[in-house]
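Below: the structure, in structure tokens.
Think of it as A, B and C in the order they're written, each chain with its own count starting at 1.
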Amino acid sequence: MSATAAPIEPSGAVDAGSASTLRREVWRELRHSRSFLIGMTIVLVWTVCAVAGYHIGPYTPFEQNLNAVNTAPSGSHWFGTDQVGRDVFSRVIAGARSVMLVAFAATLLGTILGTVLGLITGYLRGWVDESLSRLIDALLALPVVVTAVLVVAALGPSSITVALCIGVIFAPLIARTVRTAVIQERELDYITAARLRDERGSYIMFSELLPNVMPPIMVEFTVRLGYAIFTVASLSFLGLGIQLPTPDWGLDISQNISVVSAGYWWEVLFAAAAIASLVIGINLVADAIEKAME
Amino acid sequence: MIVFLAGQKLPGDPGRAILGPLAQESGVRQLDHKLGVDRPLLTQYDAWVTNLLHGDLGTSYEYNRPIAPMIRTALANSLKLALVAFLMCVPLSILAGVVAALSYGNWPDRTISVIGLSALGLPEFVSGVFLILIFGIWLNVLPLDATPPPGAGPGTQVYHLIMPAIPITLVLFGYIMRMARAGTIAVLDADYTRTAVLKGLPRRTVILRHVLPNALLPTITVVATQVGYMVGGLVLVEYLFHYQGIGALTYNAATNKDFPMLEAAVLVIGIIYLVCTLVADIAYTLLNPRLRLAAD
Amino acid sequence: MSSPQPRPDALVVDHLDIAYTVRGNLRSAVRDVSFRITPGQAYGLVGESGCGKSTIALALVNYLPRNGAVTGGSVEIDGTDVRSLRDESHRRRRARTVSMVYQDASRSLNPSMRIGRQVAEVFTVAGADRRQAAERAEQALARVRISDPAGVMRRYPHQLSGGMQQRVVIAMALAAEPALLILDEPTTGLDATVEAEVLDLVAALRQEISTALLFISHNLGVVARMCDRVGVLYAGELVEQGPAREVFTAPRHPYTVGLLRCIPRRDHLKGHGVLDTIPGFLPAPDADVTGCEFADRCALAEDRCRTDPPPMYPVGDGRGSRCHLHERAHELPRSTPPQARRAPEAVAATPLLQATGISKTFRSSGADVHALTNVDIEIRAGETLGLVGESGSGKTTLARVLLGIVEADAGAEVALDGQPLADKTHDRSREQIKAVQIVFQNPDSALNRRHTVRRLVGRALSKLSGLRGSTRDQRLLELTRSVRLADRYLDLRPGQLSGGLKQRVAIARAFAGAPRLVVCDEPTSALDVSVQAAVLNLLAELQGKEQVAYLFISHDLGVIRYLSDRICVLYLGRVLELGSAEAVFSAPHHPYTEALLSAVPTVDGSTNERIKLDGEIPSPANPPSGCVFHTRCPRKVGEICETDEPPLVEQEPGHAIRCHIPLAELRTMQKPERPAPAAIEPVA
């Protein structure tokens, strides 16, 4: 963004000590950002649910009460019960675990793979870059959900498959961002200076370049995390992720969507709201981090 | 020219990259001599490509019927849905992005930004569930089934497609609006916008002539790449609303291990994506004088 | 304007205060600035980065950044308060009242509109129909001396050179004949000869129209050349103002005095002594200064300077100085001892580095670009070879070839101490790698912003000198102290240091391996004048101590002159002149060198006769036939210049010129004794 009409800071010769580091600056910005605080609160609440959700609900998520199937929300069942009489509230609380775990693992895998790929393609250029970029293009020619459907259908549905699959699909997307940042960065003179000292490629990539491309990687990580939750939930909904009877938002929705027309709305509404709130929460955090890094 | 651009854009060999591994899978599973899947992978692939070039997509394992007509129907259905979604989404999201940028930091911007961020966070099946509950069940104003009764006119068809189209629209809205907003803000801050303002041009002219053409150029590319994304959304929406489109077809083929069908569907999706990016590249080149003149 | 009464002042700035809101806090950027410009007058605002000069310009056109606001005072342009012009309904009046030209012209033009349409807009908005507007646009372009206005109108901005783009912007700005034209660093970033052309154009246009000019620049020479009156800004305050010539010859504020002393004059050489500098730093933007803003850096400062803010004292003749001690300003003691440096020891006769037959051809979108053509140079131990040239001259490419970053075409030979140097850094021996190092132009780019000073220098020490552990730490301290970097900076990152300190870190790094040759690629052009002087002093001092040779690249002839023993003038990848600094700077010299020297605006306003160059610098992708300079040469002798490339001939001992004109003839053409004026062109 051009700095002309954008907010600027009056500059002065910066004396030592009067300026704070980037990290502190970003942190101060974040603490004053409303969207960061709201987003972070949502994410933290769901993290607590993911860790302890099986134990803090009023019932266990598996407990079936065939005398109370499809009951509307009430004092004893805040979110009502489902077709087999399980407490929806307890299942929503416990359902945070599978989706968050899988999404986090997938994003972490994708980020690490993508960062390494991006550093190599961006720094080495040439045929390495050329062939890897082609591969990335090929992977991007299909929508993530379609690719995931194919892979999971071929390998069979399971959480691990979903995490691996999303991680591997994310890797080239993240690599692309990292590569762009690296290509800009490698034009800077400190890289030339390193080459004039005859530094090894690995030193230049991991000690010189990596710390400088961390900010976009961090932004990318949070953005991708939101998107991973989105995708994991979607795949569960399609029945391609975690299997019954594990409590899972997407899976519960697809199990109960058929009875919605009979008026049992609570069996899907709360799980849907849970997914929406978690993704929006992460998006708020990502948005705030992106703004603060500018 | 087009051939050249296609060569640039085609990622190696999409058929080999994407379909190869699946063809092998089918060979292991089906072991069907008549289908020829036990032949070496390359031969199989070769035969498939040869048939493909003759317009023959093969025969579905599941339905035991030629694939091409089924794909054609599904594609037509999906295109209808996509068209409705696109027509609802693109003008609205670009307009919203521009309005947000022009009121940067004020309430319209903040409102639109929060809506965009929330829209981005709603997986299609989640917003679909909300819509079904609100409009289909509580208010009972929109049909739950996306497939219109046979012989329905275009009006009825669109009426049935509104609800399934909204979830796709929402996610696309988030992306396109943010892109349009960011592009517009950057150009509003550009020196040449200041030049235009200081010339004494009316604000309308500054925005319509100087800001928007430059600001929305990158958005074109985003819109096109989102088409690819949209197909992913179709899988979920068509599943949720029981609509016989290419997404539902792909999903069914995958879960039923109907590999010829899956290959054909995936191929079609890949081609759609490539065509869209190609169109976007050409449009971008034509609209950008720097690239247009360099190509001369 | 046909009003009968006398025209009001073009600009009246009265006690103007401007502040920015940074994270909820109001930070003052401009304080109590007052000045006026009479109709048709040219007023210069000078100051270093962060002094608030661009902020003032933006306030004048109601275009402050979102977080900036005028917090006090008023601005009247042509008798109208600018705040009343902010309204949409007044936009047309505003356009006739004030317009502005800013730095990078390429960014001032809409990239997706043809030039003709952009210029014509100015007329359609004033009510002309399409045809009229197009005609008048063509006239406007002709007025800024564009030779093919109709052709230029059909082009897009990116198809024009920087100088041409700036002409178009000036044409648009003057189209409505506004009462005031603001030029904010209009020539910064342009090559010296192109800059001179644009300045000539503005000066000529002033004769034709009645527009008043506000000329904003960090370059004192440019302001001295263009302006009747000048105001000097420091830390958001106007510290001195008055007629340009008097302010620059007899300054009445210690800051102006110091600033002028920092500039290397053309007759000031490194052997003569140290440049004066201004110690210390600008006050931090949020600093609470009670007295004079400059007191902390002023050697004259007394107690009252630290407690009472000085008012603008009238010092006669329409001059003012914001200094309690304005009468003694010229007594400001030097901040550096003036002692003459030891004359450099006789440089060895054997060359340290010898490069012969260096050519470099880049392939760019299918065309061959000849960045360098058969360049031979040698650098002797302990000397400075100054490399002068405009964009496209190949000076950076030459440096990169020597460093082993860019591979020259086949047939090139580079030798260090008679030993051949491999094409690539990686293939050189460790001794050779550490012997040739570089100081880059922009320290922000040259230093990894995530590493501390200790790590930046320490890594170079272990890699180049092979030092480890406590010996390395010991050497690190010696090294950083030798570049005058206080120990407390060692654990800071570059972002926490000022530009001058960062450049010291970069210098320390280059010296980590006890180099024999350091390439200095415009090492001071990103720095303010006062900082530049200190860095030049440091480089000269290190050279005296370490007997290191410099290949010093700069477009600033004053700086080159100060530091160089010999000078090489490059144009389109060819050496046009090579000789001792003395010989190159005094006539006779190559016609290109002559034009280059005359293009430099001087601070004392002495108008040396300008040698004007025609046209643009040709593209290295398509260099002219014969002598590459013939397309612009004012002394072209005839057809031979277009057909035959003259050889580089040693015309007198140690002085070679590539020109068909014999030396004797050049001598009579070029007046031998030019009164050596102070060359200033401090910062790019």
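Odds and ends about this structure:
In the analysis below, a contact is a pair of C-beta atoms (placed from the backbone, for glycine too) under 8 Å apart; a residue touches a chain by one contact, two chains touch by 3 or more.
Keep in mind that what you see is a predicted model, and the values were worked out from it rather than measured.
Of all chains, B has its CA centroid at the greatest distance from the CA centroid of subunit C. Of the two chain pairs shown, A-C and A-B, the one joined by more C-beta contacts is A-B. Chain centres defined as mean CA positions place C nearest to the mean of all protein CA atoms. Mean C-alpha positions place subunit B and subunit C at a centre distance of 51 Å. Look at where the CA atoms of subunit A average out and do the same for subunit C: the two points lie 48 Å apart. Averaging C-alpha coordinates per chain places the centre of subunit A 22 Å away from that of subunit B.
Residue positions 63, 66, 107 of subunit C each touch two or more of the other chains.
Shared contact sites, meaning residues of subunit A that touch two or more other chains, fall at 2, 4-6.
Multi-chain contact residues, meaning those touching two or more other chains, occur in subunit B at positions 190-191, 194.
By the touch criterion given at the top, residues 20, 22-23, 27-29, 49-50, 52, 55, 63, 65-68, 107, 235-236, 281-285, 403-405, 425-426, 428, 430, 433, 437-438, 440-442, 445-451, 459-460, 463-464, 486, 488-489, 492-493, 495-501, 509 of subunit C touch subunit A in their complex.
Taken in their complex, subunit B has these residues touching subunit A: 9, 11-12, 14, 17-18, 21-22, 25, 117-118, 120-127, 129-130, 132-133, 136-138, 144, 185-186, 188-191, 194, 228-233, 235-236, 239-240, 250-251, 254-255, 257, 262, 266, 269-270, 273-274.
Partner subunit C is touched in their complex by these residues of subunit B: 104-105, 190-192, 194-203, 205, 209-210, 213-214, 217, 287-290, 293-294.
Looking at the complex, you find that subunit A touches subunit B at residues 1-6, 35, 134-138, 140-146, 149-150, 152-154, 226, 230-231, 233-234, 237-239, 250, 253-254, 257, 260-261, 263, 265, 268-269, 272, 275-276, 279-280, 282-284, 287.
Residue ranges on subunit A touching subunit C, taken from their complex, read 2, 4-19, 21-22, 28, 32, 188-190, 192-193, 195-199, 208, 211-212.
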